[in-house]
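These are the structures, in structure tokens.
What follows is subunit A paired twice: with subunit B in the first complex and subunit C in the second.
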Partner chain A sequence: MSTALVSESAPAPTAAPRPRPWLLAARILRMEIRHSAFVWCLPLLVVLFIFDPYRTATSYPALWPLRSTVVLNKFWPDMVIFSAGFAAWAGTREGRRNTSDLLGTTARPAWTRQLCSLAGTTFWVVGAFLAGVVAIYVQTSQQVTWGTPPMSPVIVGAVGLIMVCAVAFTLGALFPGRFTAPIVAVALMLVTLAAFRQAVGSTGGPIPVLSPDGSVPDNDYGLFHHTTIGVPIVQVMVFGGITLAAIGLLGLSPRTGGTGWRGALSAIAAGGARLRTAALALCAVGVALLAVGLGLAGTATGSPAGGYEIPSIDSGIISKSIPYTPVCSSAGSFQVCLHPALRSYLTQVTSAMSPAFTELAGLPGAPVRASEVAQTALPRAVLAGNGDGLITNGVYEFTLNNSVALQPDPSLLQDSFQQDIVHAVIVGSVGEIITSSQAGGAATGFQPNTGTLAQQAVEGGLLEALGLQPYQYPNPTPPSGVAAAAAKFAALPAATQHAWLIANLAALKAGTITLAQVP
Partner chain B sequence: MTATDLKKSPSPAAPPAGHVPSAARLLWLHLRSRRVPSALSGLLACGVTLCLGLNFHWFSSGDAAAEVPMLLEAGAAAIVVVTVHSPFGEPEKATGRWLPVLRVGLALVLCGAAIGLMAAGAAVGYDPKADVGLADGTLPVVRNILGFAGVGLLCSLVTGGLLAWIGPLAYQAACQFALIAHYTEPYTWASRPPADRGGWIAAMVAFAIGLIAFTIRGPRTRPSGE
Partner chain C sequence: MNIELTGVTRSFGSNKAVDGVSLEAGPGVLGLLGPNGAGKTSLLRMLATVLPPSSGQIRLLERDPGRTADRRDIRRRLGYLPQNLGYYPAFTVVEFIEYFALLKEVPSARVPRAVAAAVEGVDLGAKAKSRLRTLSGGMLRRVGIAQAIVNDPDLLLLDEPTAGLDPEQRVGFRALLRSLGETATVVVSTHLVEDVGAACSEVTLMDDGHIVFRGTPADLVTRGEGHAIGDAPLERGYSAVLQAARAAGQGAVAA
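What follows is the complex of A and B.
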């Protein structure tokens, strides 16, 4: 046999196929998604979603900023306990099944396996969260008349849940056991509840600012003035920082199969130096983001539009008004204008105000037009006295916050507006905020403007003629003579009442008309 | 040697000093297989958390006075139901007639331990002068732990022991919503007043059904062992 014969018959060796790490990781991720235990709780989550966040959202007025608060106030806390439990469950898997040594012989580092496992659980968590958000937003989009769906609650919620998954997974990997999942779920839920209590209690500090779960804002939140963007940015920074730090810890800690801390800064250290450097860098970036976010959150101040604002980010943004074209309707000689977001209430508000406007038309100081304004544009005394608005230059400027409850009641609208308008024309303002010096320091209180007995009688008579309850004054209650005078005034024909008011309203408001002089 | 000698059975040898009866040893092995010592540590942690929360006024007023203890009671019930998982899987069902007795006994003992440790935590944290104490007393602790444990035992028939914690935690979430929204349905027993008869009946029925079903069927076992 010759060398040439051997060389002719032997085939040329082919190059071995180059491994594609990303394809392997994608295959592991696909398996993790397919076999995730989170699917066990999806039916329960659907029931809880309908039971609480969805029902709450549908009971709110159809306003984008208001209904979007349900995403973080109601839906996000529901997701936390399940996200934490199942992420911790996934993290404990290798420890529970005692397969760490077996898997340690695989070609991929432990960090890759664990990140794929974490990603698989996070996929289902974020997917369920986004599905719920879509359901709420689609339902809202069919009812709202102005605005666009806010994205900041969705982004903050998704990043927050990723943080919960990362922390819970890392805790599960550090402390594997059958009890780890429920204990971690309960512990993280306790942290969420504690942060929520601080947020609604306005205790100060960064925690109330960072809590995604907080109090429900007023109805006109986000309608007249821009909402804060500083708070969502800071929340995403802090949540992202915690996530990166937890993932870095996963890659470093020997308890989780990581590469260990020794030699993390050495480029020439043997055995996984690149991984150690990457994990340490992630930890460092995460801690830095966390520190900066906490620092910014500590600078938060109360926002006049409600909630908090970060001055260094929000300066000049919240104070700017959102331009809009009001929607108006006319009834007789007066016009009522509302923000377009509350277009669906226009007919109700117009019919609620119409009788009072008609009754008081032509009187000195009576309004000729009504226009909705932001609650923050009204004096504090109006809100402290449970009023809806005040008359300025012939225009009744009002807010719908006090009168539009979460479940709008037409009779509530009618009573509150008519009482408010009649009181403003006959008596004047609802009252004033007073500051008094006390032993413990200055204290503010509200002093209602009850008017004279004659003013109370005329006001009561007009309200009785409109078929309404008398104006509710605080103690002491008016003497019985006022009620009798009011009934007598109400019994007069409308033309007689009007004529008397035309002639005597100025003197009545000046306080020179006595109770006996009221017809 | 005569036939009389053969008829007499040899006297049994005296057991060595310190010998543990085999029944007790088997019982201890059963408890260890269910990780009962770790479960007791977890229940103790729940009681300590309750005590610390009362002492430091973490949940002394408002809805938090009921929400946080409810969450801790659900956590205790979750720890109890996770112990039902058997590391031996299906072959354990062929070990004899004592397994159902062990199941029901373990469930009852751990529920009692959970109630006792939570009540002890509340008692240690109780300070009438500072108005510190559980808002509704100890009765809701008993009702809620038994009710949540019943839900968890029922859940174990479907999900297996290791995932049975889903039941108590999900149910307490529903009860939290009921508490905030002031629902009055008796099946949200954790949100009901301490002496509410409907809430007690619902919780005890859930516990009884869960315990009976778990005693008869045992938790679900899968080929993977979980």
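What follows is the complex of A and C.
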């Protein structure tokens, strides 16, 4: 052992004034925000935003529930790869730039500066996301006629992106290297895509429930029914849990300095007992939230109105309808009423139904009013996309979901409603969903109500007189003789048709009139 | 004493980088000389609290760096320039130094003044707003020195601080070292014996993990009298001490 001595004694330790930690962190955060590399990808994100989420949103009908789906369906996945890549890049900074030793001699724990660096990237990520949401929502607010902007997609999206940043940053800090950022970005994007595929495929289990871009509520949500809050709450729980666990892990990271197991242990200890406790507590809270969230997601059931509901959270909410005053228009002797959110379609829908209403006016069972209702109020066959509604007590109850879901087409709208109304008056229901037992288990299928040959001929004749195609059954080829009878009926004067129908509609619907008896 | 080492050893696997070193140092400039692999950088990293010793005791600024609260207090009063300075290219000179001032918990109100003083201290005032990626190697070295002194440290550890500096800058830097050494303990690890002669009040020579010489630069010059190897008196002393230590089997050599 050797000894060296340099003269004089040391000055007495001085008690330096301690700065306020939050002020200090705020100043470091300001520097991190200023130097975040995420800023460099903003122009590319803007272009991507305009050509993908924004363009998609503006092509949808101006309905809050529909337009807001773009936030999680399109914008969120677009943001994931950039957020993950740049957060991981920020996480690798100390390793890449070889500053671990130098920073390891500073008084603040490594956790402080890493959290500031993470917050710097997250600030821009969440800021860019919110700016995009504001653009979509402002544009939508200028067109919608009813409702308020839904906040749950915004909250879920923001928390989801914070989770992506935290996980990517922690991976970057734990495995610093030149290729860490691209690998993490691609890996997290693939995870997102895989979850989305599971959600679309409805494979069951908690993943489809938790996938932000897969959890799109049905159109009725937010219009006729309150949106379920269970799924967003569980998503925020799980994403928040993963975020806290990742941040806690960052506080326990051996990569805060030192090499080898001894260096790792000393680095873990570097922050002191309080920091270790805080990091462990965050990890524990995060894991607990994750576990509870996954447990709740596992209890999710398919909602009758589409999407998922968490029974323990959504109990009672799903059945609550949203009060509204319908908007109506009158044309001749009939009235058409729509949900106020669809006010802009009122003229179009009224003119689409008008010829059929006029043609059938005065017939027994013919509707005198058309009223839009929630999809859940209609039979399963209609829910499955067969027709638009049914006639109940002289009211044609219909949904616009099947007609205007994404791209409203005026001619399709006209064909669809008139065929539906004529079919309802002459034949009856569109059909039913039947369940049959098979060797491999139960199978469901649509059984169309095509009616008798005479009903088909009269229906076809009326539609032909209206200038429409015959009613589209699964098998569109009409039986032999029906087309000829339909053409013959269509050639009759309207007054003659009407008089015959008044006299014979009850017998026609009862099936006692044969094809030969059709004039 | 600002530095008190007692039987400090640091091993990396089977290799003992620092082997049973004891050292005490108060205010002044202590030169740490030695050939490559002598253990200077490992010793400095232990003094900088980034590397724990495998065995032995370390007390810095009359505190125990093994205790969390003490270590944090030491770090507030510590300046460190590593051999290879890592830096963030997008930061400006002022931002980089301010970043370290904040991490060293310099009180917020004092930060602007402390940063300005550090920048002026290394004569980088004209480049204060330049991004680090635009600076030459010598300027980056001065930025490294500035971050080390921004908190007005009581213990300053510099590993090869003059590498990359031109002769004029080196002269200025030696003056800065002498000035800092009046109140703080400055440990300068270097291969350049002229730096030791010009700036250090004490010199310690390490070889193979041991301290093989301690004394003043004049003592080292005396040890080299009559020794053939070396162009300058200090170099002859350096060479003579190493030769004697190796001949004696790495024992301690008193001044």
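Note that the second predicted complex is superposed on the first by the 470 of 519 C-alpha atoms of A that agree within 3 Å, B and C clash if a C-alpha of one lies under 4 Å from a C-alpha of the other, contacts with A are read in each partner's own complex, and residues count from 1 in each chain.
The definition used in the following text is that a residue touches a chain if its C-beta (ideal position, glycine included) is under 8 Å from a C-beta of that chain, and two chains touch if they have at least 3 such contacts.
Here the structure is a predicted model, which means the values were calculated and not measured.
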Is A:F51 in contact with subunit B, with subunit C, with both, or with neither (first, second, both, neither)?
-> first
Figure out whether A:A510 sits in contact with subunit B (first) or subunit C (second), or with both, or with neither.
-> neither
Considering only touches as defined above, state whether A:L23 meets subunit B (first), subunit C (second), both or neither.
-> second
In the superposed arrangement, does A:G104 touch subunit B (first), subunit C (second), both or neither?
-> second
According to the contact criterion defined above, which of subunit B and subunit C contacts more residues of subunit A?
-> C
Could you look at A:M31 and tell me whether it touches subunit B, subunit C, both or neither (first, second, both, neither)?
-> second
Of the two partner chains, subunit B (first) and subunit C (second), which one does A:G177 touch, if any: first, second, both, or neither?
-> first
Just which bits of subunit A does subunit B share with subunit C as contact spots?
-> 97
Write out the stretch or stretches of subunit A touching subunit B in their complex.
-> 37, 40-41, 44, 47-48, 51-52, 78, 81-82, 85, 89, 96-97, 177-179, 181-183, 185-186, 189-190, 193-194, 197
Per the touch rule, the subunit B residues reaching subunit A in their complex are 35, 38-39, 42, 45, 49, 58-59, 64, 67-68, 71-72, 74-75, 78-79, 82-83, 85, 159, 162-163, 165-166, 168-170, 173-174, 177, 181, 225
Residue ranges of subunit C touching subunit A (in the complex, touch as defined) | 1-3, 7, 12, 20-28, 30, 45, 48-52, 54, 61-63, 68-69, 71-73, 75-78, 80, 82, 84-88, 90-91, 95, 98-100, 102-108, 111, 147, 154, 183, 185, 201-202, 204, 210-212, 214, 251-253
For subunit A, which residues count as touching subunit C in their complex?
-> 1-14, 16-20, 23-24, 27-28, 31, 34-35, 93-94, 97-108, 112-113, 257-258, 260, 262-263, 266, 269-273
